[in-house]
Amino acid sequence: MNELDKIPVRQEISVAQGSVKRSNPLANVFDELVRFCQSRSMFMLHYCTGCGAIELPPAMTSRFDMERLGIQPMVTPRQADILLITGYVSVKTLKRIILTYEQMPAPKYVIGICSCTVNGGMYWQSYATAKVLKEYLPVDIYIAGCMPRPEAVISGLRDLMGDIKSGSASNWKRYFQNYDHYLGNQQKLFDEDWQTPTDIIAEAEHYGLITDQTLGEHTALLQKHQQPLEALEFSLGEKREKIRGENQ
Amino acid sequence: MSDISYKDKGSILGPFKSLSFFSRKPVTEPFEPRIAADNYRGFHVNDWDVCIGCSTCQKVCDNAAITMIKIPGLPDDPVMGIRNERPAIDYGRCCWCGLCVDICPTSSISLTQEYVHTCRENELDSYFILPDPNGMHNKLFPKGWSKTGDADLVDLERQPMAEMEPQSRSDNFDEIVDGFTKQQAIIEASRCVQCGMCHDSCPTNMHAPEYIRAIWEGDAEEAVRQMYRTNPFSHVCGRVCTHRCETACSIGRRGDPVAIRWLKRYAMDAVSDERVREIAAEGKADFVSGKKIAIIGSGPAGLTTAFDLAKNGHAVTVYEALHKPGGMTRYGIPEYRLPYDRLDADIDVIKSVGVRIECNVRIGSDITMEQLRQDFDAVVVAIGLQQGRSTRIPGSDHEQVRASVDLLRMITAGESFDVPESVVVIGGGNVAMDIARSLARMQKSQYGKVAVTVSALEDFDHFLADPEEVKEAREEGVVILDSRGPKECVIDKNGKLEGLTTLGVISIFDDDGRFAPSYDEVDEQLHHGGMVIESIGQMSDISLFGEELTEELEWNRGRLQADEDGVTSVSWLWSAGDMVHGPDVVHAVADGHRVAASIETYLNEGSSNNE
Amino acid sequence: MHFLELLVELLLMPILAFVIGLAMVLMMRRIGARIQRRVGPPVLQPIYDIIKLYSKDTQISHGLMHEIGIIMAVGGYIAAETLLPVPGLDGLADKGGAVTLAYMLMIPALGMALGVGQCANPNGSIGISRALTAMLAYDIPFILVIFGASYVYGTTNLAEMISIQQQQGVSSWGIVQMPLLALTALLILPAIMGKHPFEIYVAPAEIATGPMVEMSGKFMGGLFVMQCFQLYTAGVIFTTLFLGGGVYWITFLPKIFLVVAIPMSVAYLFPRYRTEDVLRLMWKWPMLLGLIGLAVVMK
Amino acid sequence: MRPENYEAIKQPPSNEFELNFGPNHPGIEGNYAFRVKLNGDEVLSARADAGYLHRGFEKLMEGRLWIQNIALVPRICVPDPVPMEVCYSLAIEELCGLEIPERAQWLRVMQLEMSRLAAHLFAFGGHAATTGMYTPMFWGVADRDLILDRFEELTGGRVYSIYNIPGGVRRDMPDGFLDRLGALLDYLDSRLPDYDSLFFRNQVFIRRARDVGAMTQEQALKWGVTGPNLRATGLAFDVRRDDPYLAYEKIDFDVVTQPGGDALSRNLVRRAELKQSIRILRQVIKHLPSVKGAVRCPIPNPLAWNVPAGETYTRVESSKGELAYYVVSNGGDKPYRVHVRGPSSMHAVQVLEKLAVGSRLEDIAQIMFSLDACPPEVDR
Amino acid sequence: MSKELNLWLDDLLKDIKIIQFKRKNSRRVRIDIAPEALPALLELLQGRASYVHLSAISCVDWIEENEFELVYHVWSYETNSLVSAHTRISREPGVYLSVYDLYTPAAFFERDIHEMFGVYFEGSPDMEKFILTEWNGPPPMRKDFDSEAFVNQTFNWEEYHPQWLKDIEAEGGGITTRPEDVR
C-alpha cells in the first residue's frame, strides 16, 4: 500500500484521434458505411448500476422505444457496444464495471448518466461510492439529470450516434493509450493487487494503440501481481508469455 | 371482473386475443422531448434582479452543489442587504429536489421545464452553471417548479411581540414592550436563514447570525458572548437600535424580517447581569499597559472606546458633565423605550472591566483640554450632539419655544417644568416622537388628556420616524400631521405663545437634491399650543475645546473633521460618536470600536518607537 | 456451361436466402414491436446490426474450435440452402433430398456446441446442452413429418415434391393431403426457429442467452446471419412440403413469409417452457399427431 | 458475464458447479448477485451477494439536516419511492408531534397508491420477462409510464417525486388533476382484461409459475416475510389495515390473500392489489375535493429545525411489504440515527436463499422477481 | 382476545423489576431491559405472547456513553402491536448474544449490525461480510467514523473551470464561498 502511495497517478494526455481519413476514396466510403452502421446499431449492456437504471426500461419499452434507433439491450458485455453507467457507482460495482468494460469489444462507448457519475452527485459524502467516473474509464457522453428522463437519455444517445457517425467518438482508444493513468486511479481505489482478467496491454498492442502513456509504474505493479488466468490459457497462453517477456 | 382463483388453470387460447394489437396504434412517443409538466423540476433559472446573493440556497442544498460566485458589476449594497454574489450550481451534484427554490427568501431562483443536457467528456465544464434568467442553453423554456405559497419554506411572519395596551401605557413611563418569551425567541430565531446580511449591514458588524443561532440552540450565554464581541451596549441596542440589520434581512424581502433586535434583547435579559459581566470580561488583558486615556463624554461612543481600551489593559478615565453616565442613551431616550436599569446594567459591565467614570466633570470648565493632553496618552472627544437646532422661524426665540433634547434631558434628570396643556412639536424624526410621547404621558397623568400635535415636513410615505413609533404615538393620542412646514410661532399680544402656523409642503428638495422646501402659501393652518418644541436636529456644544484648540482643529459644516478612525488633525486627539457621524447608537458603538483600534495602534507604535 | 450454371446457383441461393432472411428478421422484430405497442426498428436494421457486428474488433479469442464452431454453424445452413429448391433455382436439391437436409440442419447446432463448449462459460454450456435437448425434442416429430411427406409424395427429392404439388393444384398440396402432419410441422416450427415458447436455450433471464454468452463481434455477426438462414430455411421447408413450394417468386414469397409469421406472432404471446416441458410437450402432442398423421397417410 | 465464471473450469469434472448469477445479469432485479451451486439444473445452494448498490444511506442521513434527507430517502427503493418519503416524514412528525392536515393525509394516500400501482405494474413486467415473456413487460412499463406522467404533473418529478415533507406535502395538486387521474384509472381498468388474457390466465405462464418458490405460511412467518408475499401464503395482514396510518382507516379496501405461497400466488395477489389500489384511488378522488384546507402544517425553518429528542418506529406498507424507519433524534438538527427496514432485506437475502434451494436454475430469476425483491433496500 | 393478551402482557411486564415498561399507545410498547435478560424476554414474547415477527433489530451508537443500544422490534399478528425492546451493551468489546434461534430474520440484521457497527453476535449463523465485502476501513456506521473526511481524503472532485467563470475572474470576481465552506 505504501508503495502505491509513492507512485503518482500520471496525468492523462489526450492522444485519441478520431477516425483517420484514408487515402483510398473507396476505403473512406467503406469506413463511412461502417461507422453509419455502428451508429445505427448500438447494443447496450443490460446492467443497472444505479438508480438511473429505472428510467431505462421506459426508454427501451413501448413508450419511448429505443429500438427505433437500433438500440437494444444485450445481456453480456461481449455483445455490447455501449455501457450505460446509470448513476452512482459503489466501489464494489465499479470493479465490475471495469471488468465489464474491458471485456467489451472495440469500438465501445461509455455513457455517464445522472449527476453521480460526474462529481459524486447526492452521494458525495458517501464512503461507498466512487465520485468521478472519468478517472476510471473514458466516458463518451454525459447526460445530466437526477435521473434524466427517457427523452433526455434518448437525446444523449442520439448525440452519441452523431459522434459515432462523424467518427469523433473515439474515447475508448484513450483507455488503451493512457492505460497507466486509468490503472493508477483504479489501483488507488482498489489496492495495488487489483487486476482484471482482460489483458489490456496485449489488447492495446492488438489495436496498435500503445503509446508511452500506456505502460508505466502502475502497469508494472499490475504485472507484478498478475497471475495468469487458467481459462484463458487456450488462446492467449503463448502470446501473453511473449508479451510479458518483451516487457521485462 | 373478479379475482383470478389460484386454481385457475388458465387458457392456452386466451393469449391469442392479444393479436388484436396488430390493429391498434403503437403508444410510442415521437423522438422530440415532450413538454414537461407545469411544475416540472428541470434546470435552474435565477432572476438576477431579484436575487440578493444571500446564499440561503447554498445552505439548504443537501448535495453541496451550490457555489457562490462574486460577479463584479452587480449592485453590492450591504445596507440594503444586497450582495453581488450569485449561486452557481454543480450538476454533478444537484438532485433537482427543489429545496433551493422553496427556501429562497426572495423567490428569485426557480426550476424550468427544460431537462435535456448532454455533453462530451471534454465539455464537462458545462455541468457547472451560473443560472441566469435566460436558462441553461439560452433557450426559452417556461418556468417549472417555482415558489408558491404552499411550498414556501421560509416563515414570513414574525412572532408577535407582547406589549402594553395604549390605555395602560399612556400615562406612565413603563417599558412598553414585554420582550420575547424563551419559546417565542427560539421560534423567532429559527426563522433566520443565516445569510449574514444583518452582519454586513450592521455598522458595528454584530455577529447576528451567530447569536441568533445560539438563541435557537437555547444557549443565551453563547449569544451574549457573540454580542460582546462587537457591542458592549447590547441592552441598549436590544431595545432602541435603529436595526439596520432588519432592513437588510433577506427574510424581509417578502415578509417580516427576523426580529433581530428583540432577539438580542431577549438574550441579554435571559442572562443574569453577573454572568454578563463575566462573559464580557472574557479575553481581558491580564496585564496593565501603563497607558492612560481620557475620554470625554460617556455616551455609547465614548464608553465603547473605553470598554475596548480597558480590555486591552489601559487605564481609561471617562469624564461626564452630567450626573450620570450614558449620554444621549440616558438623557435622550425616554424611559418607556429604554428603562434606566438596563442602561445601568450595560454601563456596569463596562465599569466592571476597569473603566473609571467621573461624572459631573465638565471639560473646558472643570478641567481644561490642555490638562488632559498633559495627563493622558490619548484623549477622545465623544461628546455627541446635545444642543437642539432651531428652525429660526419668526417667534422661535420665545421662551416657550423649546428644543426637544433639552426637554428630554430635563425629564430624565427629573427637573421640573410646567407641562403645557397643549403642545406643538416641529419635526418628524424619532426624537420628535420621543418628546411628543413623553409629553403626552405627562399630560395624561397631569390633565387626564393628551393634546400633542406633531407637524412634520415629510409625507407619511417618506417619514423619518419608525412606523411603529408613529403607530404607537397615535395610539397614545398624539396627532401627527405630515407635509406641514413651520411658518411662524404665533405670539399673542400678551407675549404668550398661542401656537404654530404651518403651511402645506409642495416639495422638500429642489431639483439638485438640496434641502430647500417650498410651501403652498394658501394652505395655512394654526395649531394651538402652549409650547412649541423644535425637534429638527441637534448639534454639538463645542465650547469645551477652547479657542486655541478650536482654531487648531479642522471643521466641516459645524462638525469636527475626523477621518474614518476618528483621528483629528491634532495627533493626541480622537473624536467619536454622534458629533462626527450624526445621531445613532449603533453607529456610535461602531465608531467607538474604530477609535479604540486606532488608539491601540497609535499606542503600540508609540511604545515600539520608544524602545 | 452446366457446371458454371450450378456454381452461379450455388452462390446465388445462399445470398438470396440471406436477403430474404434479413427481411424475415425485420418482419419478426416488427411483429413483436406491434404486439408490444411500439414502432419497432427501421427497415434496414438487420443489415446495420450485421455490418456493425462484423466491424467489431477484439483481441480476445476463445480458441480455434470456437471459431470453427461458428463456421460450422453458418456453413451448415449455407449448405442447407443449396439443398432447398426455390423458384428458378434448384441447386443441389436433386441430389440431396429431404433426408440429407434433415441431417444438414443438425450441423449448425452441433457446430455451436463445439464452439460454445470451448469458451468455458457455464451459461454457454448449459445453453448448448439445452439446445441439444431441444433439438432432440423436435427432431423426432420433424423426422416423422419428413418421412410422412416423402411417403405421400413417393420421393425424398424436394424438387419433385414441388412439381407434384404444382402439377395437381391446391388439392394435392401437402396441407390438404396430410393436414395432421402439417399441423405437427407447424407446432414444431417455433422450436426449429428457436422461438418462444421453446427458446429455453437462449433464455436471457436464466442463463444470459446461453450459447451466445461469449460470442462477440464477428461471432455474433455469424449468429445473426445464421438466424436469417434459420428463418428462411424453416419457411421454405414448410412451404415445400405442405404449401406446394413455388414456381414463381410472386407466389412463393408470400407463402414463406406467411409461414414464418405464424410462429413469430405466437412467440410474443407465451413464456418459455422448461426443458423437460419442452421434451414432454414435443414428444406428446406433435409426436402423437405425427404418428396419427403418418398412420392416416400410410393406412 | 463476469469473468469469475472462468472459475468453473477449475472445478473437477462433475455435474456440480458454481455459477455467478449477477450482478450483470438480466435475471437479476437491479444490481445484485447470487452465487449458486448447481447440480445440473438443480440448485444445491444459493448465496446472496449484496452491496453493489450500497451508498451508506444511514450514514449519509446522519450528516444532513432533517429536511435535506427528504431528497435522499426515496432513493432507497427506486421502483417504489413514495412509501420511503412518507414513512420518513411520518417518523419526524411523530417525533415533533406535528398534526398533519387532513388534505395532506389524503394526498399522501393518493401518492402511495399511485406508487403502488406503478411498482406492481413494474413487478408484473419483470416477472413476465423472467419467464421469457416480454410483451407484458413492455405493456406494463408503458402503462406505468402513464402513472409517472401523473406523478410528474403532481409533484414535478417523474420518479423521485420528493413531494412529501415532514408536516404534509409540498404543494397542492394542480387544477383538474383528479379528473386526469380518474381517466387514467379508467384506462388501467380497461387494460386489465388484456393483461389477464395475455398473462395472468396464460396457461403456459401458470404452468411455469405454479409451485415455484413455494413456502408455507409457517415458513413465511418464521422467515420474516411481509407484504404481498406473506398474503400469498394465506395470511391476511396489511399494515394499512392492521397498523393504520394516514387516512387508511377511512378507506374501504380488501386485504387479498392467495393460498399457494408460490410465485403464482404472489403474482395473483399483486394483480388483486392493483385492483384494490384503483379502488382506493377512486375513493380518494371522490373524497379529496371535500377536504379543504392547507396541505402542510407550519414547520420551522428547515435550516434551524431541531427535532425533539426521542425515538420512533414507523411502519408503512410499501408495494414490497413492511417498510419501517427507526429514527432516533438527540434533539439536534440532524438525525442521530436512522435505520431503514426495507422489506426486501428479508425477501432478497434469506428468503430467496432458502427458496432457491431445490429449485431449478431457470426459476431463480422468477423467484426473485415474484418476491419483488428490491436490492437497493438491502444495500441502502 | 387480542386485548386480553395485551393486558396480560402489560400486567406481567409491569411487575418485573428489571424492566422499564412504557406503553406509548395501543400499538407501541417500549421496554428497556438489561442485556442479560433480553433473550428471556424475547423468548417470552415470542413463545407466550404471539410476538412472532421480528420486524427489525436496530443498533444505535451512543458514543458518549460508550454504549451500543440494540433495539429489537417485534410484532404480534394477533394483538397487532409492536414491542420495542431496548438494551444497551458496552461499546467495547461489543459482543452480544444472537437471537437467531428465536427469530430467523435476526441472522440478516445481526450480520448487518456486525458489518456496520462491529458488534459481534455470538451464535449467529453467519457473521461474514455481506454488503461491505470491498471495504477495509472501520465499521462505517460507528459515530467515530467520519464519512465526509474519509471521502475528501480518498477521492478527487471534478474541477470545473467553465468559460463564464474565467470571464468573471478576469473582471475581478470569482468563487467566494464553496459549498464545503458552509458545512
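Just so it is clear, A, B, C, D and E label the chains in written order, and each chain counts residues from 1 on its own.
Criterion: a contact is a pair of C-beta atoms (placed from the backbone, for glycine too) under 8 Å apart; a residue touches a chain by one contact, two chains touch by 3 or more.
Quantities reported herein were computed from a predicted structural model and do not represent experimental measurements.
Asker: Which chains, if any, touch subunit A and subunit C both?
Answerer: B, D
Asker: Most central chain by CA mean?
Answerer: If one averages C-alpha positions chain by chain, the most central is D.
Asker: Count the C-beta contact pairs for A-D and for D-E, then tell me which is higher.
Answerer: Output for the comparison: A-D.
Asker: For subunit B, which other chain has the most distant CA centre?
Answerer: C
Asker: On a C-alpha centroid basis, what's the spacing between subunit B and subunit E, in Å?
Answerer: 48
Asker: Could you work out how far the Cα centre of subunit C sits from that of subunit D, in whole Å?
Answerer: 43
Asker: So how far apart, in whole Å, are subunit A and subunit B when each is placed at the average of its C-alpha atoms?
Answerer: One centre to the other, that is 59 Å.
Asker: What is the distance in Å between the mean C-alpha positions of subunit B and subunit D?
Answerer: 53
Asker: Please output the residue numbers of subunit B that touch at least 2 other chains, ranges allowed.
Answerer: 15, 18, 26-28, 36, 59, 61-65, 90, 92-93, 95-96, 124, 127
Asker: Scan subunit D for residues touching two or more other chains and write them down.
Answerer: 1, 6, 9, 25-26, 51, 54, 56, 59-60, 63, 71-72, 135, 138-139, 142, 160, 198, 202, 204-205, 207, 379
Asker: If you look at subunit E, which of its residues touch at least two other chains?
Answerer: Residues 132-134, 140, 145, 147-148, 158.
Asker: Going by the touch rule stated at the top, which chains touch which?
Answerer: All chain pairs meeting the touch criterion are A-B, A-C, A-D, A-E, B-C, B-D, B-E, C-D, D-E.
Asker: In their shared complex, at which residues does subunit D touch subunit C?
Answerer: 1, 5-6, 8-9, 17, 19, 25-27, 41, 128-135, 138-139, 142, 198, 202, 204-205, 207-208, 360-362, 364-366
Asker: Which part of subunit E faces subunit B closely enough to touch in the complex?
Answerer: Within the complex, subunit E touches subunit B at residues 158, 160-165, 168, 171-180, 182-183.
Asker: Enumerate the contact residues on subunit E facing subunit A in the complex.
Answerer: These residues of subunit E touch subunit A: 132-137, 140, 145, 147-148, 150-151, 154-158.
Asker: Under the touch definition given earlier, write down the residues of subunit D that touch subunit B in their complex.
Answerer: Answer in residue numbers: 64-65, 67-72, 135, 142, 149, 152-153, 155-157, 160, 162, 170-172, 174, 192-194, 196-207, 256, 258-260, 264-265, 268, 271-272, 275, 294-296, 298-306.
Asker: Under the stated contact criterion, what part of subunit B meets subunit C in this complex?
Answerer: 15-16, 18-19, 21-22, 24, 26-28
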